[in-house]
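Data first, discussion second: the structure below is written as structure tokens.
To keep things simple, chains are lettered A, B, C, D, E, F, G and H as they appear, and every chain counts its residues starting from 1.
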Amino acid sequence: MTSVDLTGELNSILTDVAAGRLGIGEALRLLQRADGGNGHHRAAFMNLDHARNGRTGFIEAVYCELLATRANARHAEAAIAAIPDIEYHADARLLRRLDLKRKVIAAPVGVVSAGTSDLAVAEEAALTIETVGHDPRRHYDVGVAGLHRVTGIREDLNRCGCVIVVAGMEGALPSVVAGLISRPVIAVPTSVGYGAALGGLAALLGMLAGCAPGVSVVNIDNGFGAAVAACRINTPAERTSHE
Amino acid sequence: MTSVDLTGELNSILTDVAAGRLGIGEALRLLQRADGGNGHHRAAFMNLDHARNGRTGFIEAVYCELLATRANARHAEAAIAAIPDIEYHADARLLRRLDLKRKVIAAPVGVVSAGTSDLAVAEEAALTIETVGHDPRRHYDVGVAGLHRVTGIREDLNRCGCVIVVAGMEGALPSVVAGLISRPVIAVPTSVGYGAALGGLAALLGMLAGCAPGVSVVNIDNGFGAAVAACRINTPAERTSHE
Amino acid sequence: MTSVDLTGELNSILTDVAAGRLGIGEALRLLQRADGGNGHHRAAFMNLDHARNGRTGFIEAVYCELLATRANARHAEAAIAAIPDIEYHADARLLRRLDLKRKVIAAPVGVVSAGTSDLAVAEEAALTIETVGHDPRRHYDVGVAGLHRVTGIREDLNRCGCVIVVAGMEGALPSVVAGLISRPVIAVPTSVGYGAALGGLAALLGMLAGCAPGVSVVNIDNGFGAAVAACRINTPAERTSHE
Amino acid sequence: MTSVDLTGELNSILTDVAAGRLGIGEALRLLQRADGGNGHHRAAFMNLDHARNGRTGFIEAVYCELLATRANARHAEAAIAAIPDIEYHADARLLRRLDLKRKVIAAPVGVVSAGTSDLAVAEEAALTIETVGHDPRRHYDVGVAGLHRVTGIREDLNRCGCVIVVAGMEGALPSVVAGLISRPVIAVPTSVGYGAALGGLAALLGMLAGCAPGVSVVNIDNGFGAAVAACRINTPAERTSHE
Amino acid sequence: MTSVDLTGELNSILTDVAAGRLGIGEALRLLQRADGGNGHHRAAFMNLDHARNGRTGFIEAVYCELLATRANARHAEAAIAAIPDIEYHADARLLRRLDLKRKVIAAPVGVVSAGTSDLAVAEEAALTIETVGHDPRRHYDVGVAGLHRVTGIREDLNRCGCVIVVAGMEGALPSVVAGLISRPVIAVPTSVGYGAALGGLAALLGMLAGCAPGVSVVNIDNGFGAAVAACRINTPAERTSHE
Amino acid sequence: MTSVDLTGELNSILTDVAAGRLGIGEALRLLQRADGGNGHHRAAFMNLDHARNGRTGFIEAVYCELLATRANARHAEAAIAAIPDIEYHADARLLRRLDLKRKVIAAPVGVVSAGTSDLAVAEEAALTIETVGHDPRRHYDVGVAGLHRVTGIREDLNRCGCVIVVAGMEGALPSVVAGLISRPVIAVPTSVGYGAALGGLAALLGMLAGCAPGVSVVNIDNGFGAAVAACRINTPAERTSHE
Amino acid sequence: MTSVDLTGELNSILTDVAAGRLGIGEALRLLQRADGGNGHHRAAFMNLDHARNGRTGFIEAVYCELLATRANARHAEAAIAAIPDIEYHADARLLRRLDLKRKVIAAPVGVVSAGTSDLAVAEEAALTIETVGHDPRRHYDVGVAGLHRVTGIREDLNRCGCVIVVAGMEGALPSVVAGLISRPVIAVPTSVGYGAALGGLAALLGMLAGCAPGVSVVNIDNGFGAAVAACRINTPAERTSHE
Amino acid sequence: MTSVDLTGELNSILTDVAAGRLGIGEALRLLQRADGGNGHHRAAFMNLDHARNGRTGFIEAVYCELLATRANARHAEAAIAAIPDIEYHADARLLRRLDLKRKVIAAPVGVVSAGTSDLAVAEEAALTIETVGHDPRRHYDVGVAGLHRVTGIREDLNRCGCVIVVAGMEGALPSVVAGLISRPVIAVPTSVGYGAALGGLAALLGMLAGCAPGVSVVNIDNGFGAAVAACRINTPAERTSHE
């Protein structure tokens, strides 16, 4: 999986699809070509980051013969109007084609979060994992006041190839999980919180400073990035193909 | 308890005591007078903060008819040479007179820390609590990887009037403790850690952002301040005297 | 009191109540169940933090068989339409059921603020205190230019079990109050101010750096958190129940 | 692997070993006991973080029946004087017992760095990997001006179970490596640089913001943490033991 | 080229032009006069920065007998309605008069960017270069995953007088380009990205800390500033005129 | 002059005035009473800061028997509809009553700014100075590229009692002015600029770090505060009245 | 008064004076010449800032026909050995010639500080004021816990031409003083404190955000700068000379 | 010119040279080989950055067949003992071989600084320029209080191919210079100053935010980097050689 920026093309392609000026097959061909024809991207994700004007909102979309993240309701409407087999997950702000789901033989990937406020980021991770054919194991009930609940899921997490832990505010959960299991942990700080939470920076710094064994961290709210890293981890070296 | 700055006087007084030019009784009288003769400070702590030149090291000393914090070995030697009943706690960098310990009838005050690296701050808190006559209940074995151990001490902490939780790095411990007990929690971030720990800022921000119920926070490494707040909490309103 | 995140459920529950599809009793049962059936939460607050997308606004709601904070006019309308005994405090952005107010035998809790700009946070604290059965003592007239007025309320504050001091901008008020009384002080920085106020960070840092005796601090604008901590403080250790 | 803080014990144990008051076998027994007798730590690393006073220097030591990181020359002398089979790596500031090296059947772990200035952190990672029985594959010649050299090692890195990339200053290397290979990448920012490098924060932020596919990040200069995460990744889920 | 602030005048002039109350020739005369009649500005750019209220959006416009940057659709409409020979580049948010393009005999100026998300800033630079008569050489296909592509354009860049490199997120591209060519490089960080990207600060710090040879940096998103610097560089000392 | 917060009252009073439910005389009486009847505020300014919700916009109003700062068009309409002798300065976002202007015998107060983008802040200062009876001497034509122009106004500034210098971006102007004149300089950083300007922080830090002789600084965009300080400076000690 | 950097020359001049190679008269001539012969500096201060390598310590010296600030004991020894009429103030780290003190007919200048920890900065201000012939009125007993004491000195401060208020930690004192008096206040934050004090930044931000009437701020620990500003304020416009 | 890190090798090579174990010719061969034999580096600079442990001091050395920057007295002694034709510039902390100075036919390069406190950085730039054969034109007398002096050197600077402006504290000088001349300006912020100067960050941010025409910026104290960029600028595109 790799990432390219093609928001401009994406918008016009989607618009054309929505307007009936462009068929889905042709759209996918265009999306692949937008990647520059670079061989080893062909079957890959395309990660569209566009944050023109910094703070005013952005769209980040990823296509794996159709997976789009950070899609809002407006994007979803346009896509659904044009493409029959597509589904929209409003919580995770994610669009994906149903007929393209792959299935990989591998250990499951744990996705743990503290509560419903971190749900969107956790679901972005879980759905991405699912789309590329891995098996997400969701545990969304591990709140700050119920850290001891993690003991109940310890065995299940230890059977995972990798565990993603999503947490906002003080970001304590990854340290706790990593202390109880022996699998690699990818921590995702979220922008949940206010004041001293500094838009997710407090959680990010805490996760990095925590020095818990086997924990590594991705950017704030980057559920997609965590999923990509987890799936790489979950694929044995000998099984990856290198064109 | 209140705080005044009198490092200058303190140094010359200690030097004179060490040199035999000044008796202890007289020293204590001078220390009281240094407070400006302000009535309601008389039986109180004197908190000496002196951080001239910011980062180059500092001394913070507190006297309750003799309690001094942030005293290094050199300070200790001078004081011990001059004052027979004084003891020095190297870990907590704390000096205190043995014959002045008071005893207050009150619930114990819990002091919880994650490990030996936070010990100095935890001991500064515990010894301060002890000196003003309250009863510290130490629990220093609650590491990041053993957060579940806190369940073993839950009942003991619930019997405390207040619980101080000392933690560095990601500062997760106070949230966990506060989620398990019903007593007020005072969190003390420590400057333990490096890189993203930002000298204690990551722990401080995490503790504030954590929004755990009943948790409030003091400055980085401020074990003394936490102890003063805890003892105020641990003293019923009707029992405090107001000159 | 503890906190869980259940914005999703909350929204659908409130929507159903507003639409007449759900009775209040059933709503409360669902709200309790949303907490996961965890025993020691049953009679407790539920704190809903949801700041999806960081800066774009958020809702934080707390239910004690009905107390909701950070409720805007739209939330209020929906709730009032559905629940007869509910009242909305627009200043404090707080919703609560009238018939559920408890009464606890305890010292009053002081709530001091600098002026009307900090009013919303102070009222969030005061109404929370009131709802859980404690007795808030409001002093909202202690401006920057009238710090000497605090001397007039000194005796009253010294009779409180605990004093919450709400202040924005330079955050000087808690230090001043704590220097005059002998009760524990919980400082709440507010996001009032602009430029160097840095959205409340200047007040937060000042309160922590101030090292005033007996002061501890909660997150910016967190009037609810301060109230929870104050009520814990104000409840003697022997009186708290530990399931 | 997990981490505990036991600097105090460590110091007295090492001192006693150095003074001949304590045999090595007994020292190791004590070191194991210091961990609290917690079963699943027994054969594990012990990570000693002690940064009392924040900026003034610190020691972080890790024992795997003897592996110590962040050991300075003085620590090394004491250990070598007492323990015959120990070796000191001055560059990596790492002490380890020679007779305890394990051998695990697994893919190699790549360790890539930009130059000799990042060498200490890269070696801390590589030696840790080696000590726990995995096979580090060092590539230390990939400078800023020679990023194209990475193409020469691409095949070798793709055969690794995981690749650690160590980089200071702008932290560009992990993005570049991750764009060329399909294995998981753990990025380690280093404190190399001055001014706008902000002691490693620029590299850290860049690595997180880079959004390169499959990259996750650990704390600044934390070669040990990266190694622990890499070895967890490099051990298939079914092969980890869970006591 | 130099910069003056004259938003007020600009707005009323544009409004008058749009309303037909003012002819273009007169408008240009007024715009020149607004510069204060200062001789050496006469044939120069006028750089209008107006960010009243900091974060809420701004207009920065530059006139060279008509070049305006940071013009939104509304500005464009007004200008186009009034001035026949004007064209609007929506991507670059740039307005310019077609009949005023100059042509300078000089080496081309390279403009390199990582992808379409940085396109707006790159185009702001390229169109500015073009307008003042220099020759921009665009290379917008050099993504994070295709840094090796830069080798394909190396010869072309080495023939440029100066190369502008636009990059967001981790800001790695300028270091890589500067390591491969021998011409001066001006790096432009962009505000693309979220979380740890800190609105472009991560890229900015990385570019400065990178210490790549021959790289200097301008403000975040400042494509215009980079173009002005590049054109100064691209004009030999003897050819510049000094009134 | 002093400041109180009374946004709540202010809004209802203005609304009532606008709705004809309240006469102006009564409104002013209420506004005076809102100050709490505190004697030494009676003839003074009332400074209304209200930034509830931090970044979402705010109103700061100051009344000197009617002076209001940070009034937007909506506020202005309401006030003008109700109060005949009031004028609104849109640039400075300032409302004031015409019949209340005082005249003080004193040296003029210089108000210098770099350009039209800093105009709003400069005008807030100048109009405040004028309203309390002092004589502002405006110099708004001193741009970054025309710092030498300040030599032309040097004599005029040296005749002022005090000089306010308003500057955004790098904040260089106050240092330059203070180096050329012998009068006290009050520097006002503005939030003009983007990226590295950090909403005015770059200018603020530069002005403080500049160490130019006789310069002191007020908060970002605080033209009113600078005016109040300047008028205090411009009033000889013996002439101030102390109730 | 103005400032130039001439540490290099200063060091060699002082060394030569200390070694007897240079007479005092000649040294002063050289010091004046070092200023570049610029007319309007001749009778003025020379402010030497030298902080090569940022954090490693620095010397800042000011000469008014001999006044030197930030002089350490080593500088003092050298100067005293060479110049008979010189005195060294260790607290304020200030050297000055006794025979050069001037006397100006003006109101006194108040210098207020919170305690002995801020003494060095307060004395740097007071001695500078004294040296240029103004009359400092010291009030060093206004601690955090005794803010009400300021009421006792209110009348005295209101008779001053200007009041300097020195405060560390939360920086509350200037707001309080400015609320009680009608004279201009110059606030000096100090680097006293630790943790959240951030080396004086918390005090600095608080003073700026405080928005107290008539307060302006200088750099952290800049007692000299405050004194220069205060003396400019304290000199009526008509009395300043402009060469 | 490009940069590699080879501190380790450098140290052993220098040590061997100093000990007579290695001849100079052989040392230079080794230094060239250390670069990896990469063709286009052969005749180039080698930039050695080594800041192990961030704040504790570092060495950055650059060799152009011998040019070393950031060399302290100890480094100098070793080098001088071993290499006869070498000279040490203590102010600029720079070592260079005398017999290797080249001469290039090109316009001069201006080096402007505010005063002696910025001298070290300015000299690092000037000596680097000189060593690679370009002609530095030093102007070190342009202080904050004498910005108008720059008018006297305007003509001289306009004849330069490029102008480096070194400035600490508020970093105003580059904006002023760039406003007066038409040549490209490279700004170098220095770490001179204290408090709000934030170790050079205030100057850095100011220079970037200043938006002066034709200015670009390098890292704090990076005189060498500015010189390398300036020499690239000063070499016409057609004259650079591309192996």
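Assume a residue touches a chain if its C-beta (ideal position, glycine included) is under 8 Å from a C-beta of that chain, and two chains touch if they have at least 3 such contacts.
If you're wondering where the values come from, they're calculated on a predicted model, not measured in any experiment.
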* Structure fact -> Contacts shared by subunit A with subunit E include exactly D
* Structure fact -> Sorted by label, the chains bordering both subunit B and subunit F are C, G
* Going by residue numbers, if over half of the contact pairs line up, that's a repeat, so tell me which of C-G, G-H or A-B repeats A-E. => G-H
* Intercentroid distance (Cα basis), subunit F paired with subunit E, Å -> 35
* Structure fact -> Per the C-alpha means, the centres of subunit C and subunit E lie apart by a whole-Å value of 50
* Asked: If you average the CA atoms of subunit E and of subunit G, how many Å lie between those two points?
  -> 45
* **Mean-CA-position distance for subunit G and subunit F (Å)** => 28
* Structure fact -> Note: subunit D residues in touch with at least two other chains are 2-3, 49, 55, 144-146, 169, 179, 191, 193, 195-197, 199-201, 204, 208-209, 211-213, 219-220, 222
* **Touching chain combinations (by label order)** => A-B, A-C, A-D, A-E, B-C, B-D, B-G, C-F, C-G, D-E, D-H, E-F, E-H, F-G, F-H, G-H
* **Residue ranges of subunit E in contact with subunit D within the complex** => 144-148, 151, 169-172, 175-176, 179-180, 193, 195-198, 201-213
* Structure fact -> In the complex, subunit E touches subunit A at residues 55, 91, 114-120, 141, 143-146, 168-169, 191-197, 199-200, 221
* Asked: If you look only at subunit C, which of its residues touch subunit A in the complex?
  -> 2-9, 36, 38, 41, 48-55, 58, 60, 189, 191, 199-201, 204, 219-222
* What residues of subunit E sit close enough to touch subunit H in their complex? -> 1-3, 45, 47, 49, 107, 154-155, 158-162, 179, 181-184, 186, 204, 208-209, 211-220, 222, 225-226, 228-229, 232-233, 235-238, 240-242
